[in-house]
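Here come two complexes built around chain A, the first alongside chain B, the second alongside chain C.
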Partner chain A sequence: MTGIFGVSIQGLFGQLLVGLLNGSFYAILSLGLAIIFGLLNIINFAHGAQYMMGAFLAWIGMRYLGVNYWWALLLSPLLVGAFGMLLERGMLKKLYKLDHLYGLLLTFGLALIIEGLFRYRFGISGESYPVTELLAGGKNLGFMFLPKYRVWVVAASLVVCFGTWFVIERTKLGSYLRAGTENPQLLQAFGVNVPLMITLTYGYGVALAAFAGVLAAPIFNVNPVMGSNLIIVVFAVVVVGGMGSIMGSIVTGIGLGLIEGIVKSGMIANLLSSAFDSVPVAGSIVYPIKLLLSPEASAVTIFVIMAIVLLVRPAGLFGRER
Partner chain B sequence: MPPLKMNAVAWGLLVVAGLAAPFLVYPVFAMKILCLALFACAFNLLLGYTGLLSFGHAAFLGTAGYVTGHTVKVLGFQPEIGILAGTATAAALGYVIGSLAIRRSGIYFAMITLALAQMVYFMSLQMPFTGGEDGLQGVPRGKLFGMIDLLHPLYMYYFVFAIFLPGFWVIYRTIHSPFGQVLKAIRENEPRAISLGYDVEKYKLTAFVLSAALSGLAGATKTLVFQLASLTDVHWHMSGEVVLMTLLGGMGTVFGPIVGAIVVVSLQNYGANIGEWVIVITGTIFVICVLAFRRGIVGELAILFKR
Partner chain C sequence: MKRKLLSALICAALMIHVGATAGAATKVSDGVVKIGVLTDMSGTYSDLAGHGSLVAVQMAVADFIAKEKPDFKIEVISADHQNKGDIAAIKAREWIDTEKVDVIVDLVTTSTALAVMKVAKEKDRITLVSGAASTPITNEQCTDTNVHWTYDTYALAVGTGKAVVKQGGKTWFFLTADYAFGKSLEKNTSDVVLKEGGKVLGHVLHPFPAQDFSSFLLQAQSSGAQVIGLANAGNDTINAIKQAAEFGITPKQSLAGLLMFITDVHSLGLRATQGMYLTTGFYWDMNDETRAFSKRFDWDNRHKPTMVQAGDYSATYHYLKAVKAAGTDDTKAVMAKMKATPINDFFAKNGKIRVDGRMVHDMYLAQVKKPEESKYAWDYYHIRQVIPADQAFMPLSESVCPLVKK
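== the complex of A and B ==
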């Protein structure tokens, strides 16, 4: 038998790559949510819609204006980020003194409006975005085929995530941000323009979402609901990781993506079968667990992990109660 | 007017309007309003009176619908048994989801309920007995207690009204009971409620299970009305819709969610020809409510009458 626990090596590595890819998106999106939450105390429900906007702007640019992928990767986040800053200045700003829940409700409404408008204009069937020539094709490693574009997405996400981590944790600009997260009034008393900082932070978080959207455009079908399906999973990722730490968001995102990939490969289900199926009582006890960890159930893997983390460590792996 | 007198007037209006409704509007439309109004009132018990924003209440509405549909259609039980089964399942699911979700508060609570409800959605999509994308179609309404034929629109309507009224009364009594006062105390100041010796987690969980059970009751009834249990009722759009009804009508007001449900269902019914715009309009109402109209319709009216 070739392979590990009844899963072919090609299958396993293929799913691991998909897991790493999804994990990159989880990381970049939960990072944006964490930065925004840190300073604004708002959960940005529109994050998924803004991710979708990023992908669509890239597609619109290519289709109607002849903007190539690399320019789209730069311009789309800038435009969506600027749009985010307008939203912050026009609407979110009015909510900072209220209960945090209102921020969630407002951004939920905004997400519906954005999604609805795109659905009205483009329908829900979706558009495809071709992979740029430079990154088309892939390499056969013998045990698996490695598409260049996917490697690029993982690499680009990691660079952006760790770049953001470096700026926030290791530079002076980042120290302002961390100070603002701890105590905005005091920071303002020191002469820092906190309202401007908040606007820019929101803009940056939104731009990250749009950047992820452009990266995703050639892989997934570009359609108006691509963001809302993803954002709920990212919420679960955020609950697992806790929003207290930047590095925590990145590690949790990638880790959960990988676990999801492993479950999808069927390895865990096979492993449980080979270990427990011959044991009479244990086999039936393990059965429901096996069902939850079967490849068909991979859509709920992250939610199951979230439930377990809530039971064991409610504040999240890297979180602190606040 | 003093609030008690105002409540009495509102109750009177509610009963009269409820009895007369099938003669004024299309009965199915009125039944839909009653089901969603009960759903919104159950939701308001959590958001308005306990301060817990659940973004996953569709899970209870939808699951109860599936269980009721299955019990009546496949197992062949009478409608009242089906509704009981649906409600009980929703309560049990509420216990599981509630126990997990109350471990965090505020924004995390909302995200956890949303994520767990999404899990229920995926399961509904894949499990064999839900009918997947097609849902459970052609659920028979059957004969109530084996005697009253519910296929008759008027009988069905009054059956739904006879479910709604006690359901709403339970919520009303809960809000005005000592238990309800503790819930309000938790909403206003949780650390203080803890320091006063209340087992806050137990109160929250009880409120959550009660809310889930009544949402299930609404979902079970809705399945019999439309003879259909589908993915729409488990989808997060439905969870958002119930938030909208409560917010628009006035969260933390007794009758607000009913008004909100009437407005939202009417919008969907008469706005069906505006297609995709329904989502945009829903979103816009959300934004307006949050920015400028946080008390909701009934909340604003109450202030108007107090002057």
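== the complex of A and C ==
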């Protein structure tokens, strides 16, 4: 036998690494959502569209203005973040006193409009953003070929994620933010400009989405629906991690990416096959589980986990019951 | 202002209506021939079909009126089927029952095509499938009210599969979209590969649609196959090709895009796609006729027609001609006329509709140009080989379609 359950050791390492790469995307996107939900109580359904805008701005910058990747990585989040702040000031602000549902509906509607506009202008096939010279190519690790760019993505998202966590959990500014989550009136009474803080926080959350978009541009095809393909998964990540929990979203994002990678490798399905297929009754009982854990069903893995977590811990893994 | 807008809207609506002229009247039910373009208007296939398909059908109607001066009204409506069979079937039923639609055109995923074909058969209306590709459309699930116009997975397999094996790609691994089309394409291609003396090492099914293909690509890589066959389409193919380059899979192993449209090549660029073989039913830059059509088609100077869109035009025009010749829009009479008349236009030379509904015509094996070989916008293909109609499609002798008498 060449490996574990029909998958070679090399194959397994490769899949875990790929899982880590995807997990870091999930982490950085769900982090933005968690921050926004934590402070604003808004379920930001436009997050996917803002991620897509980040990627498209990078492409537009490169194509029409000659802006290189590194500048795009800085400018695109700033611009999209500013757009987010306008959105917050102009629209979201009016919804804070209402039920979550209104914020969700508004941002969902905005996402549809933004995506529609991009689709109208750019079509669905999208555009190609090349990997920047410095990060092109990769290294052969023996068990797999590791593209340099993917390493950069993991590093960049981990730095940004933990940087954000540090600012929120360990600094004075972060303590204001957390206080604002708990009791905005009291914080305002202490002379902190809470509305401004909320606007900036939303802007930062949106900028994180755009940052992830620029990171994703050279990997995925830049197209108008790239965000809506991802956003549902990211919401599942946030729910599993616990709505509004910063560390929860980071850890769950990476964890779920890894699990998804293992399922995609077909290892679990193979394992169940080899263990149960020859057993008459157990084989047919295990069959639906095996089906659920096969590579072609990998798109639902995260949702199955979400359902189980919600059954056991309704507030999510890291969430607090309110 | 409001009134102005309203009158503009009415004008726009009237533009597709056409006045009838007196004469030996064609017997048209409800006084109008209504064409429904049912396609993917917003999803992953909306560039290769979508709005462009509607434009092509409208062009066909306008050209038909200008040239043939029909004595009946023609109307075109369109809707988004979202690539979902149930939505497509509901829309088709609604169109036929309340809108009195006579013919439904395009249908870009297999599930939608099969669902709508069933409804149309039940209601005695015609379907002209141009977008979907699976062979069951004219095989196991064929109907006598359907024509499959542009291409199918058998033709793709014969074209690309054969060409790649002949180039030395003997061992294959498939990356297959997990639905009817992907499986049909994989099966047809592996049949061709085996017949040509190649070997199939395995496959992995991926969810449809997918974004990240790296896991699946790594499995394909570790299979050690010379060729990775991409049995998927649209954005799935685009992302798979992009990520294969990233993980250093190409050029060591080569990719065979089993269904690629010119819009995919346009999106990926020639650097990523150069040298790839693909099979197509139409290329805009083949001769003066195709170029003339494509120029008129390009409504905003950013589009060239895909084979699906060109096929929509050809099918619609042929249908309208049959209505005129039959003197009625009765389904049976029109189908008989369509099948009896050969198709000769910019899209097909001497095309014929077989008893199973397959429109057989020459297909083309194309190879994507190198960046330095491309001289102008959308100059993407070398046409390497013409695959004659009688070889491109599944012979009737292999068919299990109940309409084929043996």
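Simple rule for what comes next: the second predicted complex is superposed on the first by the 318 of 322 C-alpha atoms of A that agree within 3 Å, B and C clash if a C-alpha of one lies under 4 Å from a C-alpha of the other, contacts with A are read in each partner's own complex, and residues count from 1 in each chain.
As a working rule, a residue touches a chain if its C-beta (ideal position, glycine included) is under 8 Å from a C-beta of that chain, and two chains touch if they have at least 3 such contacts.
Values in this document were obtained by computation on a predicted structure and should not be read as measured data.
Novice: Which of the two partners, first being chain B and second being chain C, lies in contact with A:296: first, second, both, or neither?
Specialist: both
Novice: May I ask you to decide whether A:18 touches chain B, chain C, both, or neither, giving the answer as first, second, both or neither?
Specialist: second
Novice: In the superposed arrangement, which partner chain does A:43 touch: chain B (first), chain C (second), both, or neither?
Specialist: In the superposition, A:43 touches chain B alone.
Novice: Looking at the overlay, what does A:111 touch: chain B (first), chain C (second), both, or neither?
Specialist: Once the two structures are laid over each other on A, A:111 reaches chain B alone.
Novice: May I ask you to decide whether A:140 touches chain B, chain C, both, or neither, giving the answer as first, second, both or neither?
Specialist: Only chain C is touched by A:140; chain B is not.
Novice: For A:119, using the defined touch cut-off, is the partner it touches chain B, chain C, both, or neither? Pick first, second, both or neither.
Specialist: Both partners, chain B and chain C.
Novice: Now for A:239: first (chain B), second (chain C), both, or neither, which partner does it touch?
Specialist: first
Novice: Find the residues of chain A that appear in the contact set with chain B and again in the contact set with chain C.
Specialist: In chain A, positions 116, 119, 296-297, 299-300 sit in both the chain B and chain C interfaces.
Novice: For chain B, which residues are in contact with chain A within the complex?
Specialist: Within the complex, chain B touches chain A at residues 53, 55, 100-101, 103-104, 106-108, 110-112, 114-116, 118-119, 122-123, 126, 236, 240, 243, 247, 275-280, 282-287, 289-291, 294.
Novice: Taking the touch rule as given, give the residues of chain A at its contact with chain C in the complex, in rising order.
Specialist: Those in contact with chain C are residues 8, 10-11, 14-15, 18-19, 21-22, 116, 119, 123-128, 131, 138, 140, 144-145, 147, 149-150, 219-221, 223, 225-226, 229-230, 261, 264-266, 294-300.
Novice: What residues on chain C touch chain A, complex-wise?
Specialist: Against chain A, the touching part of chain C is residues 42-48, 50, 178, 204-207, 209-212, 214-216, 218-219, 221-222, 234-235, 238-239, 242-243, 246-249, 263-264, 266-269, 272, 302.
Novice: Spell out the part of chain A that touches chain B in their complex, as residue ranges.
Specialist: 37, 43, 91, 94-95, 98, 100-102, 104-106, 108-117, 119-120, 228, 232-233, 235-236, 238-239, 296-297, 299-300, 303-304, 306-307, 310-311, 314-315
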